[in-house]
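The structure under discussion appears below in the form of C-alpha cells.
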Amino acid sequence: MFAYYLQLGIRSLKRNPMLTTLMVMAIGFGVAASMITYSVFRAVSGNPIPDKSSQLFVPQIDSWGPQQNEMGEPPGAFSYIDAMAVIKAHQATRQTLLYPVMLSALPHDANSIPVSVNGYAVTGDFFPMFEVPFQYGNGWSASDDDNRAPDVVLTAEFNQRMFGGANTVGREITLSGHDYRIVGVAKHWDPSPRFYAVWSDSAFQDPPDFYVLLNRALDLKTDSSGRNSCRGNLTFAGWDQWLQSNCVWLMPWVELDTSSDVARYRRFLEGYAADQQHVGRFAWPANVRLRDVMAWLDQMKVVPPESRISMVVASCFFLICLVNTIGLLLAKFMRRAGEIGVRRALGATRHEIYAQYLVEAAAVGLAGGGLGLLLTAVGMSGVGLLFDADIAKLAHLDFSLVGLTLIVAIFATVAAAFYPAWRAAQVQPAWQLKSN
Amino acid sequence: MLKMTHLSKVYRTEVVETYALRDFNIDVKEGEFVAVTGPSGSGKTTFLTIAGLLETFTGGEYHLDGIEVSQLNDNARSKIRNEKIGFIFQAFNLIPDLNVFDNVEVPLRYRGMKAPERKERIMGALDRVGLASRAKHYPAELSGGQQQRVAIARALAGSPRLLLADEPTGNLDTQMARGVLELLEEIHREGATIVMVTHDPELAARAQRNVHIIDGQVVDLAEDPRFHTAYTAAAGQIRS
Amino acid sequence: MQIHPIIVALRRHKAGTLLIALQIALTLAIVCNALFIIHQRLSHLSEPSGIDEANLFVVTNLWGEQYSTDEAAAKIQQDLAALRQLPGVDNVTPADSYPLRGGGWDNFITLKPEQVSMTTDASVYTGDEHFLRTLGVKLIAGRDFHADEVQNMGLRQNFVPPVTIISKALADKLYPNGDALGKPFYSMSDKPTTIIGIVERLHRADVSTWSAPYANESLIWPIRMAQPWGVFYIVHTKPGQLDEAMREAPKALYAENRMRMISSKDGVRSFAQIRHLAFESDRGMAVLMSIICVVLLAITGAGIVGLTSFWVGQRRRQIGVRRALGATHRDILHYFLTENFLISLAGVAIGVLLTFGLNLWLVERFEMQFLPLAYVLGGMVILLLLGQGAVFAPALRASRVPPVEATRPA
C-alpha cells in the first residue's frame, strides 16, 4: 500500500509543479537555516569533556565583597593569596591552578627569528584530572611542583614544529630565554570549548603549544597573557606587591568524585572564607560557589548570544515555512476533493485517505530535506561570513547532521500535513466529480 | 426587448471552426414568456449566454432593450447584466460561502445600492419566493427547490427587465419543478419578460411562445423535417 | 467597499484564513526584530573611532627575550627611531592598546577617593606626547602632554599619573556642566588625576555590548608602557603610503633587532583590517538576518500567491456567477485584494503582539534594546504591501474568469 501511496503522491506532486516547488523550497530553506545555525550552536555548546564534566569543579570565593563583586557573584578566578591557600589545603581528589602565558621560542636553525608560542602555566594534577593523553613521557609529579622544577610538557603539534616529532622527553627547550626540561609530549588534545580557561581566554582559540610548571613560571615573573581583574584602590607597585593584591587571575579547578566529596568541599570553601572573615581579611560573610563544567560554561556565557539569537530566529523561520506548507498542502489536498470523494465511494476508508496524503507529504519532506541538505552544505562554506572565524571553523557538516537534516525535514512536513490530510479524509464519498 | 439579427457565434480552434450559432434571428417582445427548445448541442445554451451578455458573438447584431451591445466594453456589459438581466441557472449557482440573504444581496452590492434599500429589496424578493424565514440559512442547508427559489429571488431583487432561465427545473424533482414553474408564471403575469431555455416539451408548452433551435439556427417546427425526428426522439426519451 | 460579505465568506474558510494570518503574524514578528537587529549591528559596526583610520596601521611587536623595564624602554626608543626613518611614515607612538582592539585595559572612575561604587568606567590608553598627533585625535580643549610628563611603566607597576587627557564623552559624564577641564577624578587610587585636555572622540578599545553604557568614554595617561611581553606601535603614514609603509615597517624593525616576533599573519594590521575584525560578528549577524528577512518575505509572499491561486481555482464558478450578476473586472480584483487586506490586517494585528513578545524575550535574554515603534509600523506596511503584491497576480487571473463560467455544467 505504501508504494501505491507513494506513486500516487509523486504523480500528484508532478501535476502541480508550482505548488510542489514552493513547498519543497519552503521546507528546504527552513531546514537549512535551522541546521546551519544549529551546527554552530552545537559546536559552541557541546560538552568538552563528557565523561568527566560532572566531577570537575570551579571553586569561587568572594574576595571582593558585596559592594565590589559582580552583582553578588564572586569573581570567576582566584587572587594569588586565595589560590595558594586553597591548593595547599589539598581538600580535593585532585586540584590545579592555571593561567595563560605567551613566550618566545627559537627554532633550531641558526638564522631563525623567534616565534611566539602560547600555553598555560599549570600544576601537575592538570594532566591526570583533565585526562590529557601523552605521546611520550608524562606530566610532572607533586614533588616537582613543590621543588619548583623547570618542567614543561609540549603538545604534539609544537613538538612536531620544533623537533620534527621526535621523542624529546629529557631534552631541554629555551622559552623566552629560560631553559625548561621536557618531561612529556601530549597527544592532540583540544577540548572545545576550552572549558578550563574560559574565564581568561576565548573558548575557541587555537590550541596551546605547551604547559609549563606554574611555580617555575611564577619564579620567573612570567606575566599572565590573559585576564587580570582588580577592585578598589590599587596600591601595588611591582610584581611581588601585585601577587598580594586583590587582583584575580589564577583559574582553579578541583576534581571531586562523589556528591559527598562535593558537599565536603563546599563546606571547606565556606570554612576558608569564614576564617578569612575572622582574621579580618574579608569584611563580609562567606560567599562561595562550586560549579561543575557545564554549569561553569553556562555561567561564563560561553555560547555567544549571536549563536543563540540566530538559532532562535532560524527556528522561527522554519516554523513560518511549516505554516506556509500547511496552507499549501491544504490547498493541494482540497483541490482534489472530488477525486477523494470518488476514492471514498470506491471503498477507500478515511484511514486510507489519511495515510495516502501523509505519504505524499513525506515525499515532499524528503525532497525538501534533500534541498535543505544542499543549502546547508552551501551555507556551511559561508558560515565564516556569518560568525567569528574561531567559531565558524568548528561548525561542520558530518554524518549526524546530514541525518538530522533529512529526519527533521520529513517529520516536520508530515506533522504539517496532519491537519490537511485530516480535512481530506473528511470528504464524503461521492459518485461524481464536482467542483466546489 | 431582445432582438438578434443574423447573429453568429464561431468557436475557433487551430484546426476547425465550429458554428455554434449561424444566421440566428430572434425577436422577443416586452412582456413575452418565450421558451427556447432544442436538442442537446443545438446552441440553446450559447444563445442564452450571448443573450445574457456572458459571452460575445462573432457576427450580426444584438439589441437589448434598444441598445446595440456588440460594441460595449466589459464594464458596460457588466452594468447591463447587473441592472437589466436576471439569471436563473440550472445548477442554481448560489455562492456556497454566503447565506441566503447575502446571496440575494450580491447583484445589489454591485449596483452600489444603499443598505436600507438593499435590505428592503432582498426581503421583498425573499417574501416573493416564500423564503423570508430562511434568510440566515446557507445554501447547503436548503433543498434544491428552495435553492432555486433563492436564485429566482436573487434574479428578481434587482427588478430586471429581462429574466433568463437555463433549464430552471433541470435539477429538481417533479413537485419542486412545478412550484418553480408556477412562480415563473406568476412573475410573468406581473409583467416581466422571460426567456427560458429547456428541452422539456411539457415545460415549453407552458410558455406563450416556443422558439426551436437546431444546429444553431431558429427553425419553424412545422416545416423542418430535421426537427421532427430529432425533437420527437428526444422528447420520447424524456417521457419514457 | 463590500467588506461585510468578504468577512462572511472568510468565516467559511477558517483554516486557510487562519494559516495566512498566522504566517503574516509570525513573519512580522521575525522581520521587525531582524530589521532592528540589522540596524543595531550596522550602526555598531559603523561607529566612528575618532582617529584617522585611513592612514593608520598597528604593529604588534612581541619581544623575543624577557626584558626588564629599562631594557624594554630603551628598545622601544630605538624602534621608534627606526620607524620614523621610513619615508612613508609620518609619526609613531608606542601603546599598550588601541581603539577597536577588542578588550584591553579599563578602569573604574570615581569623583571622590573614598567612593566605593563607580561613577563610570573608562577605557584606558597609555601614550606619549605623540599619541594624539599620531592617531589624529582632535583636541577640543586644554593641551597635549609635554615630553617630560611621560613616565615609563613596567611589569605590574601601578601608578596614577597626575595629569590625563580624556574624551568628551567621559568629560560630559563626570562633569555634565561642561567645566571638566582642570578638574580632578580618581581611578582606582586615592591619588587624583587632573584633566588637562579633552579630545572630541576616542572609541573604547573594546567593542562588546557590556560597555555600551560607557560608549566612547576613554582616558589617556602620559605613560610609555615598557612591558616584558612587548608593545604596539601605532604608525601614521603620509597619504597614499599606507601599503608601502606596512611592508617596510617589520623589515626595518627586524633590521634594528632580530629578537622580536611580528606575526606574518596578523602582526601588521591596517585600521581597515582592525575594524573589519572587530565587528566580524556584527556584520555576520546583519548578513544572516538580512538573508533570513529576504527569504522569509519571499516565502511568505509565495505562500500567499499559492493559497490565493488555489482559492481562485476553487471559486472560478462563483466568480463566474458574480460576473454574470454584474460584477466588473475591477469588482473581482477588488474583492480579492480586499480579502487579502483584511486577512493581512488581522495577521498584522496578531503579529504586533508576537513582535513585542519576541522583542521582550530578546531584551530579557540577550540585553537587547526595546524595539522602536517605527520598526513595527514599517514592518506592518511592508507586510500589507507584500500581501497586496502577492495577491495581485491571482486576483488579476480571477478577474479574467469569464462570466460564462457560471453556465458551465457542474
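Letters A, B and C mark the chains in the order given here, with residues in each chain numbered from 1 onward.
The definition used in the following text is that contacts are C-beta pairs under 8 Å (C-beta built on N, C-alpha and C of every residue); 3 or more make two chains touch, one makes a residue touch a chain.
A quick note: this is a predicted structure, and the numbers were derived from the prediction, not measured.
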B-C compared against A-C, more contacting pairs: A-C
Taking each chain's C-alpha mean as its centre, the one farthest from chain C: B
Closest chain to the centre of mass proxy, which here is the mean CA position: C
Whole-Å gap between the CA centroids of chain A and chain B: 75
Chain B and chain C, separation of their C-alpha mean positions in angstrom: 70
Centroid spacing, where centroids are CA-atom means, of chain A and chain C in whole angstrom: 25
Sites on chain C at which at least two other chains make contact: 317-318, 410
Touching two or more other chains - residue numbers and ranges from chain B: 96
Chain A residues counted as touching two or more neighbouring chains: 436
Chain C residues within the chain A interface of the complex: 15-16, 19-20, 22-23, 26-27, 29-30, 33-34, 37, 62-66, 108, 113, 116-117, 154-159, 188-190, 209, 227-229, 254, 258-261, 263, 280-281, 284-285, 287-289, 292, 295-296, 299-300, 302-303, 306-307, 309-311, 313-314, 316-318, 358, 362, 365-367, 410
Complex contact set, residues of chain C against chain B: 2, 5, 8-9, 12-13, 317-318, 320-331, 402-404, 406-407, 409-410
Partner chain C, residues of chain A touching it in the complex: 18-19, 22, 25-26, 29-30, 33, 37, 67-68, 102, 104, 106, 113-116, 176-178, 220-223, 225, 230-239, 241-242, 304-306, 308-310, 313-314, 316-317, 319-321, 323-324, 326-328, 330-332, 334-335, 385-389, 419, 423, 434-436
Chain C-facing residues of chain B, complex: 45, 48-49, 52-55, 74-75, 78-79, 81-83, 87, 89, 91, 93, 95-99, 102, 105-107, 109-111, 154, 158, 166
